[in-house]
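These notes open a run of structures that come right after.
In the two complexes that follow, chain A is the common piece, with chain B as its partner first and chain C second.
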Partner chain A sequence: MSRKPFGVLLAWLALVVAGPVAAQDIPETLQNDQCIACHSDVGYLPDGLLLAGPHMRAELSCAGCHGGDNTTDDEEIAHAGTFRGVPDAASIPAFCGRCHSDLGFMRSYSPSASTDQVANYYTSVHGQKLRTGDTHVAQCASCHTAHAVLPASDARSSVHPMNVPALCNGCHGDAETMADYGIRTTQYRDYVGSVHGQALLEREDLGAPACNDCHGNHGAQPPGIESIEHVCGMCHVNNADYFSATGMARAFADEQLHACEECHGIHDVRKTFDAMVSTGDDSVCTTCHEEGDDGYAAADSMYAQLSALVAAQDSALAVTERVREIGMDDIEIGFLLRDAHESTIQARTLVHTFDPSRTAEATTVGLEKANEAIRIGHEEIGDFRFRRFGFGIATLLITILTIALFFKIREVERS
Partner chain B sequence: MAEPKRSRRSFLNYVLGGGLLGWIGSVIYPVASYLRPPAEAGGDVASVKWGPEGDFRPGTSAIVKFGRKPVLLVRLEDGEFRALSATCTHLDCTVQFRSDQRDIWCACHNGVYDLRGQNVSGPPPRPLGPYAVNIVDGDVVIARLEA
Partner chain C sequence: MSETSKRGVFGWLDDRFHLAPLVDYMRHKEVPVHRHSIWYYMGGVTLFLFIVQLFTGILLLMYYRPGAESAYESVRFLMNKVPFGWLFRAVHSWGANIFILFAFVHMFSTFFTRAYGRPRELTWVTGFVLLALGMGFGFSGYLLPWNELAFFATKVGTDIAGVLPVVGDAIKVFLRGGEDVTGATLIRFYAFHIALIPAIFTGILGVHLLFVQRQGMHEPEFVSRQPEGEKRTMAFFPNFLLRDLFVWLIVLNVLLFLAVFYPWELGLEADPFASAPQGIKPEWYFMFMFQTLKLIPAHVLGLEGEMLGVLVFMLAGLAWMLVPFWEIRTRATGRLKPMAVIGFLALGFIVIMTIVGYLV
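Right after this comes the complex of A and B.
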């Protein structure tokens, strides 16, 4: 067992199940299992053993993985024959793969489960290094644990999306472990503060990517120059499509630059904002473009378009707020604001064409919608004023009528 | 002295008549405004009528204003109606039905949902919420689903 993965494993096991398993906690289906009976008696059940896990629920018991005979209380007979004992780190993929790479066997338990994990693992940097005899790298148990294995969909699982970043950080955040590989250790810190990390870890949005969504699961590899655009493009489809059709994409490839990450970062991808395509201090365009070249002018133009649209939207929102305050109809305005918002989003995506005429297609529509919302908003406010004025006039008329009636009655009484 | 009295009476009659007319107008105007139906349904609605079932061709769709929210009403090729929230669960853009792809698509970030509203690909994190579709006296009526 490798040093760090084993440490992570122990920490995880301690979290999942605290303390040794009491005999009364053993499920009925395992009451006659002699592995558990004997190892419980001698207090030698592994820490963190999850008796309610999928393996135990399928009655595979200890012998399902470790071999031997779980029907006898005779230690010599039990530990003879197929008994495989505790595997070392180098043999764990084969140990797990004995079942998980066997399509026929897996169909008996989980018909939809894939059986290519071990094959994929050996394409990963982890697997390749394990093959060369480096037992410090992650293998199956490093991530899935040895005795508390749960499906990734289970929130208690070590490989549930919410737990993956911290799991990977167990090794990749450790400077001592990573020193041997020359890999930096800031990924987790960067990720936690990123737009992806905040979405997953703070808002619990499982659609947001964890480490494995970009680097792969069992075939974990860092995305290369040729693939990073496609990795980001799995979710950011339009952005990647627009970008890949530009001259900028070809120039990036020629210069060996990493597509998306040159402007957006790697693990510390921040929430984007319009000034990123400006020519101001926050611009990412001015990293390469200087005043006077086409890229600089394009950035200036796209930012001006976006700013004008956002300003119009803000004005429309202010008018809408006033319409709501006075209790007038804001439904149609709400739909127009949705359209303007949609145009803003489309324009921000079209920024990846680096073509101001393309962004203008969206911003022009958005401006029309926002201005229409403002016009209707002012009409509603005008209608409100008319009604208030009318109420004042009506009150005045009623008052005059009452006074006139008073005098008329008095006049009739006198005559 | 008889002339000023007549003049005052005449003035009083004018004021009374004018005031009465104004009062009638101030009563009739809001009543007439109330009776004229508004262009849009109210903000919090339970159901919305689209129109006659026969006017909705199979393989087409419509965005229906359901109170403050847009709803995507789709009629499949076999004639079945489906209604789903038209608000993309990613960044609130309005989704659209693609009859050639037989899916629901968000143009903002290329998010794709199936025809039951399940998010299939792209950035949408959640499915589109469903609405009930009923045919009432030959009209297509979209209704909020009971929780």
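Right after this comes the complex of A and C.
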């Protein structure tokens, strides 16, 4: 008697137990899949097997990767022929690459799918080391998992942007593993406290970079001295453009200094503040520049401009707050404040030109807007006072009328 | 010269409309004077506030543009750009609330002095209908600026109407102009607020005032028991009317004070796709009902609690309107009267539930 019906029932039970997967979500072909039926029967299904994942949805089943015949319940026949079994770490890129490097095959699932992952992987430090026989390095399954593969856009995926820092830290935060490679293990700690880490992990801003956004995905490499500026410039386009056009960029290159990193740090990039461009204690300029040189004077001048703009903005905000408190019109002031704020952002970006005349272009506009907002704000407050004064006059008139009426009533009642 | 002309104009009108008997009636109309005479002014103040609402409402109408895309901006424009627009909107908003407040005071003073009894049963009934319409004015007008709080308060309010058995859903759809609160609801409420309710209100108000003028002021029991010689009265015209005017001027001053020093906020524009903000509360005069419905358990005696609550409120309202026809009369004097107990219980319930609604 064939054990097929019992096996299918067990497969169904396995499907239900495997995770919060609704029955209608399970591909129909899997209902008769003998790999799942038998492996459920003997109590062995791989940990984390995701039946609702893209591979299973594409009806690849176990045999799609591991080979063999998934239509028979005969163990020998099922494990003969094309059966590849469980690949070892060194052969995993080729194992996945069988499909993922095949453009013709991948196009049948996704016309825009890229097929260069394996090629890129072998350009990475991970791939190069794997080729030399080091099986401790990351390969496909290390990041994507073996049986719970999901697209990076899926929040449950191990490679979803919000999961990437912890994923990389699984190896790169392990001092024992990294000791063989002489790599620091503080990156994750630094990153979590950085402006990027806070944006991604605390505010859940997916626009903020995770490890792979700077280091690359499959072709992960530490950026070299000459490329840091370009890496940061992928997002901070204007800052990078302004910087690369300056004499400072050339001087940094000559001195073998890491462009952005010298002032902003690497993984621990902090939120910037105006005093970084000053001659005070928090200045990054005074690391290299001394009193009397051009850079020192430029820092002093740019900080003075930014401070004046910020002070004007603060005053405008205080006036606006008062205008709102008293319920007066703040619409136009709101537009002006927004413009002033935009000028501040522009000026802070133009700081990377290290040219006070350029930052002044933005701060002058910003100051005009902020001062205009203050002027209108004072007008509104004046109007509010006028209303009160007007109310005082109206009250006085009504009160006089009321008193007159009071006497009239007395007069009428006496008569 | 002016006397002649006055007489001439009056004579001309009298000749055609026979006004002399009316003026004669007014001249001889007397208002009782006693320790509770102050309550006689409450109706007048309510009437004055209605006139203020009418006047400011017409001015607002000149700038208001109904519609989900235009309503909020038009009110914003009115408040910020139109000379004295802020004042008229603030007076209209404050006036609406004080109008309802005085209507309540007027109603309870009438109740406690038992002025609703024969022959003023219909004056009481029309007065109650006017209060209900006044609350309808408030509910429909609240949505018109199309701000966040009003949007969600209307959603909750119309949801409550929807819990009524059989007709609830139809009423909800009728009020909303569809399944949800949308621009269609706004247009509908606008029509209610500026056309339907004013038309009905004005008609009933006319009847109410006619009844009051025809039947005169009610004498409380302790006054009617006094010998005729001891009763004090004052002429309605001009004495009482001048005193009315005196109170109206004080109320106008208070209204202006509130409008200038506590201008009505516009809030944020309604966003139907946004989640409801914290602390959605109805206007204060609906608070006692809203709070009661919140406190009723989900199911009472196998019935849906909210539905039961709404039905009880409707029955209580009906009973209150028909008080003159089922009043419990007692002959004994000096003892606690059952109607006074009912009145105090109703007033206490409204006050306590309103306070609880704002504290919780």
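Rule of thumb we're sticking to: the second predicted complex is superposed on the first by the 368 of 415 C-alpha atoms of A that agree within 3 Å, B and C clash if a C-alpha of one lies under 4 Å from a C-alpha of the other, contacts with A are read in each partner's own complex, and residues count from 1 in each chain.
One rule holds for everything that comes next: contacts are C-beta pairs under 8 Å (C-beta built on N, C-alpha and C of every residue); 3 or more make two chains touch, one makes a residue touch a chain.
Note that the structure is a prediction, hence the values are computed from the model and not measured.
With both structures placed on the common chain, the touch criterion links A:D329 to chain B and to chain C. Of the two partner chains placed by superposition, A:P222 touches none, neither chain B nor chain C.
Within the superposed three-chain model, A:G247 lies out of touch with both chain B and chain C [touch as defined at top].
In the superposed pair of complexes, A:L206 makes contact with chain B only, with no contact to chain C.
With both structures placed on the common chain, the touch criterion links A:G280 to neither chain B nor chain C. Within the superposed three-chain model, A:L401 lies in touch with chain B and with chain C [touch as defined at top]. In the superposed model, A:R388 makes contact with chain C only, not with chain B. With both structures placed on the common chain, the touch criterion links A:E342 to chain B but leaves chain C unconnected.
Among chain B and chain C, the chain that touches a larger number of residues in chain A is B. Comparing which residues of chain A touch chain B with which touch chain C, the overlap comprises 329, 331, 394, 398, 401, 405, 408. Across the complex, chain A meets chain B through its residues 205-208, 235-239, 241, 329, 331-332, 334-335, 338-339, 341-342, 345-346, 349, 390, 393-394, 397-398, 400-401, 404-405, 407-408, 411. Residues of chain B that touch chain A in their complex: 9, 12-13, 15-16, 19-20, 22-23, 26, 29, 38-41, 43, 65, 67-68, 70, 91-94, 107-110, 119, 121-126.
Of all the residues in chain A, the ones that touch chain C in their complex are 327, 329, 331, 387-388, 391, 394-395, 398-399, 401-402, 405-406, 408-409, 412-413.
Across the interface of their complex, chain A is touched by residues 76, 79-81, 86-87, 234, 238-239, 242-243, 245-246, 249-250, 252-253, 256-257, 260-261, 263, 265 of chain C.
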